[in-house]
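Going in written order, the chains are labelled A, B, C, D, E, F and G, and every chain counts its residues from 1.
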Amino acid sequence: MNSYALIPFLPLAAFVINILFGRRYLKENAHWVSILAVAASWVLAVSALVDVAGGNKINFDLYTWMLSGGFKVSVGFLIDQLTVVMLIVVTTCSTLIHIYSVGYMHGDSGYYRFFSYLSLFTFSMLMLVMANNFLQLYFGWEGVGLCSYFLIGYYFNKKSASDAGKKAFIVNRFGDFGFGIGIFVVFLTFGTVYYEPVFSQAAGLAGATYNFLGYDVHLMTLIALLLFCGSIGKSAQMPLHVWLPDAMEGPTPVSALIHAATMVTAGVFLVARCSPIFSLSDTALMVVALTGAITSLFAATIGLVQNDLKRIIAYSTVSQLGYMFLACGVGAYTAGIFHLYTHAFFKALLFLCAGSVMHAMGGELDIQKMGNLKKYMPVTYMTMLIASFSISGIPGLAGFFSKDEILWMAYAGESPVGKFVWAIGTVVAFLTAFYSFRLIFLTFHGKFRGTHEQEHHLHESPKSMTIPLMILCVGAVAAGWVGIPALIGENIGVHNYIAEFMKPVLGHPEGHGTHGEEMMVMLISIAVGLSGIGLAYFMYIVRPELPERLTQQFRAVHRVLFNKYYVDELYSFIIVRPAIWTAKNVLIGITDARIIEALVNGVPNAIGALSSGLRKVQTGIMQHYATIMATGILIFVAIMLMR
Amino acid sequence: MLQQLFFGYYAFIIIGLSLLVVTRKNPGHSVMWMLLLFFHIAGLYLFLNAEFIAAIQVIVYAGAILVLFLFVVLLLNLREEIALRQTVGSWPVAFFMCAILFVAVTAALGAYVQGPVGGYSIDVIQNETHAKALGKLLYTEYLFPFEIASLILLVAVVGAVVLAKRKLRS
Amino acid sequence: MKNSIIKDIFFTEILKGMALTFKTLFKPAVTRRYPLVPVPSKPGFRGLHALAKDNTGRMKCVGCGLCGAYCPSQCIHIYTTEGEDHNKVVERYEIDILRCIFCGFCVEACPFGAITLSEHYEYSNYTREVFYMTKDKLLENWDKYFEGEKGKRYFKEFWRPMSDDFKENPEQAMFSKIKRKEKP
Amino acid sequence: MIGSVTSFLASFIGEPMANMVLNIVIILIKVVVVIAVTLLHVAYATYWERKVIGHMQLRLGPREVGPYGLFQPFADGIKLFFKEDIIPANSDKPIFYLAPVIFFVSALTSLSVLPFFDGGWVSNINVGLLFLLGMSSIGAYGIVMSGWSSGSKYSFLGGLRSASQVISYEIAMGLSLVGVMIMAGTLNLTEIVKAQYNYPTGFYALPQILGFFVFYVAMFAETNRLPFDLPEAESELVAGYFTEYSGFRFALFFLGEYTGMLIMSSIGTLCFLGGWTLPKFVMDALPFLGSLPKFVWVAVFLVKVYFFMFLFYWVRATLPRYRYDQLMNIGWKVLIPLALVNIMITGTLKIMGWV
Amino acid sequence: MVPLHWYLTLSAAVFMIGMFGFLTRRNIIIMFMSLELMLNAVNISLVSFSHYLQDMRGHILVFFVITVAAAEAAIGLAIIITLFRNKQTAHVDEMNEMKG
Amino acid sequence: MEPLQVADKLKERFSEEVLDVREFRGQVSVTVKKGRILEICRFLHDDPDLYFDYLIDLCGADYLGKKENRFEVVYHLYSIRHRHALRLKAEVSERDIRIDSVMPVWVGVNWHERECYDMFGIVFAGHPDLRRVLLPEDWEGYPLRKDYPMKGPDKEYSGFVDVLERSKKYRQYDWYQ
Amino acid sequence: MEDIEKSFETKELTISLGPQHPATHGVLRLVLQLSGETIVKCTPYVGYLHRGVEKLGENRTYFAALPLTDRLDYISSMNNNVGYVNAVERLFGIEAPDRAKYIRTMVAEMGRISSHIVWLGTHVLDIGATTPFLLSMAQRERILDLFEMICGARLTVSYPRVGGVRNDISQEFLDQLYEFVLEFPAHMDTFETLVTENRIWKERTVDIGIISAEEAVNWGLTGGTLRGSGVDYDVRKYFPYDAYDKVEFDVPVGKKGDCYDRYLVRIGEMRQANRIIKQCIENLPAGPVMADAPKFTLPPKDMVLKDMEHLIHQFILITKGPSVPEGEIYVGSEVPKGELGFYFISDGTGKPYRMRVRSPSFIHASVLPRLSEGGLIADVIANIGTIDIVLGECDR
């Protein structure tokens, strides 16, 4: 028995306790159970980190879950470097956000429910990252999906919230469908769903093909793409990204935990985890890279014009996730995971700050109605500013290192689309800086544009909310220091620890470029970041009337961006409306009116004559049917005897 | 000799009781005979060294399933029910068919060939106790069917509740 | 709320009750073991009737019939005849005890103090005849139950109302005379 | 002595038959002894109940028949035996006759597997615990049938209530015992007791506190005792399923109920309180106890059983009665989940090797 | 030693009686009980096979049969109750809505 | 409000209905015609100044040979809010022995009206369930009428005779048949 | 959908609860229509104990009708007597002396405690707890002994008289009563330990048989049943009689109007009654116990044969009854069950022309369907317990 098994089960226990006793007994004290459980998990995760850093790789089966013929699935845990990083990310964010929620959710009627869902989510996410087989991964995958659904629809009596929950659930089903098939194909191919045998056998099957619908499909590509389907859904990539912004209907801690820091990164984790498979298929990698790049650009452009505080951050999340996929796609899994890791800190921080702002504004989300909040909420302002600097890639902060790593890997990697995605990445870096600071300037600077009542009510959030902010802020600054690129690191005598740490699992492709090129890439990214900030300053502080004029001028562009490229409408047009139309016209209009009517009137008349003879057999008395069955058995036995 | 005697007793009683079960007019009495029948079958199981199955037979069949029957019988309006005709008109046909089928099946027994003997001899089972032996198999080799069975029970429970539930007047 | 959790989980209120019953287990019982240990009735108990005799041993009743007129259940039957010296003679004085409700109104109605209710209450029987009290039986009751001082006391204390009831009486029961006082 | 009887018999019917006949005779003697002794205990269980509850209510209880009323149970029995046996005109007679017998016999049959001390059993079967559960579920037949066959609405409602109550609580009870089974690793009652003896704390009531609690509550419901005596709630259903019974048939129900209490107490004693044994540390501290003859330990067993019986009386003297739906709620929504939690905890601990 | 054939014949006999009951009785509850009878007949043969082949699989099958029987009884009786509420009878020939 | 003021107010509102107002030992009784009794009661109940929310009692009285209209139905009203009481009496003649039920105003009057019907034979129109309440359903006569003899009717009550017959029959019944 | 729901309906079972049933406290009969265990319709039948008290009262003098009131609510006859004599005194226009008033108040509250103890015991017994019944009965026994001491009877006391009380109380009685009063709160605590906080008790009574304040008033409920709904209507406060305006006491009221509230109200009343008795003992004035109104009270026995006038009064009062002014009067009094009202129509003779008894149990029995329908059988039992009816009073 390994005590690391407690990491996921402590939150599960908290969930069980809360859901059973929360309503009647714990009530306002529900958070204690959850926080203690998650904090204990965090402690265990840290000890796992130490353990793994010492060179151990922990892989054990806790309990055999299912055993049927050759199919064996167990509840088992694999803790390697990748898992450990994820563990740290998940438990840290989870703990802090649990604490934050104490203040944020105070006085809510479903207090215990909220915490029990949070705990359940933590459990599922930990099961996901700690799984040592695909089925358990899938279990965790669906578990987090379910919790996400619960938590998005937490305010279930608000229609938009429950709709958003449903949307997230349905959209995810598309991706999970592919993922599920992927797991089947894995089982069919390898005869097992355990990581280790699968990955060790994968290389041997690199060239294998599979006859799929008459086409010979490259097996690894097929598996990789099917698995990637799941990633697209869960990580809100391009065609299936629509659910994430809507998911902001959930409580803000949920947005921070699930829709920024942990769950949505599960897709990236999946790709990284399956890197042995992905690496065997160039096609798949290219698809990953391009999906990531396009999504990041796409989301960033939308983010430029949105007015909803949380949605801007949500689009920024989508964009950053694209970044991570971009990294994975060019083979730089380490960079992707590194960005995942830093991103978790500053994005969670951004969301929590947004929550803090919301708390002060009484639920108001429109940044056009804010302004000058820095006067009232200094802590929030400072932390959010730092997070924005971090995401914009200002040197020294966490975001800078990971982003730079990705861009460099894209530029210098072996991927055929490397240069292209680097270019996109750089543009996105600029856009990111711009919209992040647009947000900052509109929210915290200028004049207050809200109602009097709101202004009167403005205040800094309680301690339980600001302390997690500060802790995360430290993370947003310092988290990147474990991955200082060699270019800088050599000068100050530090290594790229994370890359070395991850090497046994994910490998570490070397960039094919000179120092000069690397310096160039770095400088370009710094420059675009700063210029983005500068432009934002110019447009929103120096010349506040400028955006309005630009909007007037580029009305068409603005409208497209503001309406998120009409993707929702597109889906509505392509899928929803045709379905309704089909139901209305084809099924009712044609099938019912023409065919069924005809059948009802014409055919039955013909058949009726026939059946009136036959119906005497149909007595409706079941003994008669049973007798006929028995006669059948009799005949069967007789034949058997005769033979 | 004694074993044959016991078997003879059990077989005789079981057949007699099953005839009583299917021929009684009053379903309540049928249930009572059925109860006795289950005990005898359980006795037969003990005879075959299947003590756990015998216990289950009593607990589940007699203790749970048959009580359900009894409940349903309680709901019937027995007095009217008994007055009605009890069998379908064509019962001689069914009787004839069952008789033939019985003859056919017993005839087929002649073709039985003893297969290879497995590892669970009486001694093994008695050493390990039947419950343990059965449990080990159930929870290892037959775990999946076992879970499916539990799922079936769950579905049955839900289904029964949905079917039999009715709205209470508020 | 903390208390309610503890109460709900550990059944404190039920345990308190259990403790109480357990304590009672060792308390002396209050049962009156009636047929074995007879319960004395209180003075003035309204039990079986009796007809009073005066000091000379003659019946006090003069047959005025007020008791019969006042009796709410009308169970007193009096038959009088004219005696030798034109005085009223009570020939029969009968009480149907199965009808009587023992309200004691006859005692109040009687101006002569002739009818009384004794403290005797164990007179159950198997025949109805026993419960039809005749004059003789009633007089016999007087001898049985009101022997000596008891009879005098009865009229003094329970033949009401008396003049004492219409005026203040120094012997009246008062709070100031109560021996046991509330503990501080 | 047995040997000489065997050889004597063997001279007539041969060795194997003689052994068998002797075995059967011995078993019959055991059965008679156990039933006789149990019925005596049952008779005095009623006496003690009346005494204990009487004193708890500031009364005296029976005390007129014999010294301290000690012959009261016999007086009651004789009275019931000679009472007129009334059979309702519109009852289903065969079933009406049979119901109390089934109820009583199912209770008595359970006695056959109870070990009263080491070696003191009628039969020592491997599925003893299951046998007991099975028999207690057969008791429900007596109840349902009596309620149904009486042809009275009160009986009918009482029978329905009681049957659903007994069935529901049987689940909780069975599940609460699963923890014990897991810990002892056997269904054999003697083995369970021995396993407890070897367990550090002696009694399973301590590690299985949750299971013990569930068992304890289910025990009351299973025997239709307060606070779960709804089937015979006299304020609602007059006397429930045995409203129409009188005389000796009523006495059978009465005896069956008290035998049931005795058996439930015995199960509790065997599974949770270590049966006839004292915990090992006590035995180690007092070594002379080990040299006592085996049958002496029946005293320990009886003390524990009577402790349970006292709890029955005590609770009856203290608590009001639940309502029918509340009773069902408790059974299905509290006890069964608790029992499942207990199983989960016990199973986990067992897997971890901590118990 | 009792031969296996005896058990199997017994099982066949009980099965046929059950089938006869199912085919001929009109009362749906007795039909149901006949079904249970047939299941029990099968159980007897399974257990005896198991015994003579010294294998546990028969027992395991019996276990599952009992499970399914329990499920079936629950569902079936629920259906009977619903039918009974509608028809106030337990006779099958009153229940012929499905008749063509 | 003083009881007499209440009576005045009632007189004002239903001047034609009120026949008589009397005071005895501080209690005021108002005699009214029975025709609009329901209206009067509703007014007494609903008017915020009067607000007789509480009907203490309803009973009948028989004035055989003393009054022109033989029966009276007496309502004792009380207002818990204003703490004033009123006695309302409605005259009912023997020929037209019907009066409106006041159930719509006070639900609790249900059994009082049934008792009044039971004892006096006064029929309350609009009562949902006008059965005898204290006496058996098939009882003959109305006991509280003055012409009903004190010791009861000469004829034995038929239900009682039935019971006697039946108990005789049961005594002959052999339980062991 | 409706069809489906309709098709799922079951036949209803009709059961007759009573008149011989352990829980109906006498001869109440309820015909219940059940769907499962839920009550669809509840029809009470009363009258099994009808004795024609009103008719009997019209044929007796005002004095001789007093024992009839003993038998109305036979477990609190003292209160009925007090109510009756108060009504008659009001009709006669006489007033009892102070001492008599205090004594009456005292014994009436004793009667209240004894009646509430019976209610508590039987109610709790119906719910299934046996011990509180027997523990409380032991206390009631003490009160009955005290009754026996002052008037010679335990249940049918007939103690008060028109114009006062039958006889003065003895010092011994006062001693024992005071001891009882001092000990009683501790005994109350004992009963409550077993019941009030008990979870089973609460589950059985909380939210069962709810009736709102407005509805309760409209139904004409009185006493603890009304006060449980939160209306503080108490005749002792609203129309003080005897010494109730001279003693301090609170009127406990409930909040929701469920069985538990009614239970708490009655428990509170017992404690208040104890308080009143204590005050009565402590403030008991000296003085006569009969009013000096020779035309309306029997003359002193020691004077009857000495004084002609008294003798004439004695004969006239007993045979013809007092001469009463013509008029009509309704006087209510707070008995343990609720408001017991007496309504007299006097035609000037010594017998009431019309005597009407307004009995609380009658109304409370009529509200049973309202409380019970929609509940379960067990709730009916709880409801019968908390409305606290006595059929002798209900049927009269």
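Note that a residue touches a chain if its C-beta (ideal position, glycine included) is under 8 Å from a C-beta of that chain, and two chains touch if they have at least 3 such contacts.
A quick note: this is a predicted structure, and the numbers were derived from the prediction, not measured.
*Asks:* In the touch network of chains, how many steps separate chain C from chain G on the shortest route?
*Replies:* 1
*Asks:* Tell me which chain's centre, taken as the mean of its C-alpha atoms, is farthest from chain B.
*Replies:* Chain centre farthest from chain B's centre: C.
*Asks:* Grab the C-alpha centre of each chain and report whichever is closest to the global C-alpha centre.
*Replies:* D
*Asks:* Based on mean C-alpha positions, I'd like to know which chain lies farthest from chain F.
*Replies:* It is A whose centre lies farthest from that of chain F.
*Asks:* Return the chain pair with more inter-chain C-beta contacts, choosing between B-E and D-G.
*Replies:* When the contacts at B-E and D-G are counted, B-E has more.
*Asks:* Determine the centre-to-centre distance between chain A and chain G, using the mean Cα coordinates as centres, and give it in whole Å.
*Replies:* Computed from C-alpha means, the inter-chain centre distance equals 74 Å.
*Asks:* I'd like to verify one number: the distance from the centre of chain B to the centre of chain G, where each centre is the average of its C-alpha atoms, in whole angstrom.
*Replies:* Their C-alpha centroids are separated by 63 Å.
*Asks:* Could you work out how far the Cα centre of chain A sits from that of chain F, in whole Å?
*Replies:* 79
*Asks:* If you average the Cα atoms of chain A and of chain E to get two centres, how far apart are those centres in Å?
*Replies:* 52
*Asks:* For chain F, write out the residues touching at least two other chains, lowest number first.
*Replies:* Counting only residues that touch two or more other chains, chain F contributes none.
*Asks:* For chain B, what residues touch not just one other chain but two or more?
*Replies:* Chain B, residues with two or more chain partners: 52, 56, 64, 71, 73, 88, 94, 97-98, 101, 105, 130, 145.
*Asks:* Please output the residue numbers of chain C that touch at least 2 other chains, ranges allowed.
*Replies:* Chain C, residues with two or more chain partners: 8, 14, 17, 20-21, 24, 30.
*Asks:* What does chain D use to touch chain G in their complex?
*Replies:* Checking each residue of chain D against chain G gives 53, 56-59, 153-154, 157, 226-227, 229-230, 233-238, 316-326.
*Asks:* Give every residue of chain D touching chain C within the complex, in rising order.
*Replies:* Those residues of chain D that touch chain C are 52, 54-60, 314-315, 317-319.
*Asks:* In the complex formed with chain A, which residues of chain B make contact?
*Replies:* Against chain A, chain B makes touches at 88, 90, 93-94, 97-98, 100-101, 104-105, 107-108, 140-141, 143-145, 147.
*Asks:* Note which residues of chain A are touching chain B in the complex, please.
*Replies:* Chain A residues touching chain B: 64, 66-68, 621, 623, 627, 630-631, 633-634, 637-638, 640-641.
*Asks:* Which of the residues in chain A come into contact with chain E in the complex?
*Replies:* 611, 614-615, 618-623, 626-627, 630
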